[in-house]
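Could you have a look at this structure, given as structure tokens, before my questions?
Per-chain residue numbering starts at 1, and chain names A, B, C and D are given in the order in which the chains are listed.
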Amino acid sequence: MTDPSDHCHLALDPTVRDTARQRLASIRGHVEGIVRMLERDDVYCVDVLRQLKAVDGALEKVGDTVLRSHLHHHVTSARERGDADLIVDELMEIMKYR
Amino acid sequence: MTDPSDHCHLALDPTVRDTARQRLASIRGHVEGIVRMLERDDVYCVDVLRQLKAVDGALEKVGDTVLRSHLHHHVTSARERGDADLIVDELMEIMKYR
Amino acid sequence: MTDPSDHCHLALDPTVRDTARQRLASIRGHVEGIVRMLERDDVYCVDVLRQLKAVDGALEKVGDTVLRSHLHHHVTSARERGDADLIVDELMEIMKYR
Amino acid sequence: MTDPSDHCHLALDPTVRDTARQRLASIRGHVEGIVRMLERDDVYCVDVLRQLKAVDGALEKVGDTVLRSHLHHHVTSARERGDADLIVDELMEIMKYR
């Protein structure tokens, strides 16, 4: 039996949370840079696409860090905790996009 | 013969540039929201991953809009302009990540 | 402590294995169809790319089915079994490509 | 004005076609190998996922080769030929999946 309320206790590891927050603050700065870049009327399409690709790669790294932590701290212990079905459904939904 | 200097004239279409800038400003706000979310010590991993996925989808839409404009305005006319080799190399490099 | 030899016991679920085998047999037929398609000297690039995309989608579905079964039967019980580190490393390596 | 019938003349480059056919014949063999692998009742999920990943990478290489050829021979000359709108629509539809 899965119980969604169990999830209240599955908090993101504090160290990973700090790392993720710092990297996302840096990604926000990167996105701001692209917004400014798009104010120039001679900006070249491919330069924009390259910057978007860089942001995408940075976001993916943050996602990998959070995912690894989730697998390590919560997914591998789901059977013991009794919420395996819910944990697997959530994972499959999230990983579909990758 | 391709001439990189030709690229100075290949500016992103103004309407697409406006749309992209507005959407990226909104994406920046979304990223700020995730940074704040990561300040809560009970934040759940999967909720972070869902937000990252939403940002990723929004970035992809911006990229699609810029790419479509680039294909329409610059790639399909590359042979006439004489920079087809360079245009194709750039595209293949950018599309590899998708 | 992780022990790679534990993995000898982590067999793919028989029902999922049957489904995966049948779908892959069908995918093999699809690939054969593309090989024959490529014998025609008037074949259009985009038609080939569409077929490759269809095969890719079919492979992804097989992968999702195997991944879900692995998460359900092996990953959620890794902590009990004692091979959580190895299980997580394997998953991160495999999911990087998606 | 775009004219779909123009596409009858946009055949895949013969050299690229030969390369793609040979690689796909090899990919078909790889898929057959996975089908046989799935007949063993002790096959490990992650080994299957690794093989699917390898096939996916090989398909992507074939796709890249065909796409590069299409960009080089057909897309960059679309404006001259007069089917730019159709060519761009086709490309955006195909590239969405990547």
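We take it that a residue touches a chain if its C-beta (ideal position, glycine included) is under 8 Å from a C-beta of that chain, and two chains touch if they have at least 3 such contacts.
This one's a predicted model, so the numbers in the text were calculated from it and none came from an experiment.
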> So which has more C-beta pairs touching, A-B or B-D?
Replying inline: A-B
> Going by the average position of its CA atoms, which chain sits the greatest distance from chain B?
Replying inline: C
>> From the mean C-alpha coordinate of chain A to that of chain D, what's the distance rounded to whole Å?
In response: 30
> Taking each chain's centre as the mean position of its Cα atoms, how many Å separate chain B from chain D?
Replying inline: 23
> Which integer distance in Å separates the CA centroid of chain A from that of chain B?
Replying inline: 19
>> Quick check: what residues of chain D touch more than one other chain, meaning two or more?
In response: 67, 91
>> Thinking of each chain as a vertex joined to the chains it touches, would you call that graph a line, ring, star, complete, or other?
In response: ring
>> Under the stated contact criterion, what part of chain B meets chain D in this complex?
In response: 64, 67-68, 71-72, 75-80, 84-85, 87-88, 91-92, 95-96, 98
> Hey, which residues of chain A end up touching chain B in the complex?
Replying inline: 7-8, 10-12, 14, 17, 20-21, 24-25, 27-28, 31-32, 34-35, 38-39, 41-46, 48-50, 52-53, 55-57, 59-60, 62-63, 66-67, 69-70, 73-74, 90-91, 94, 97
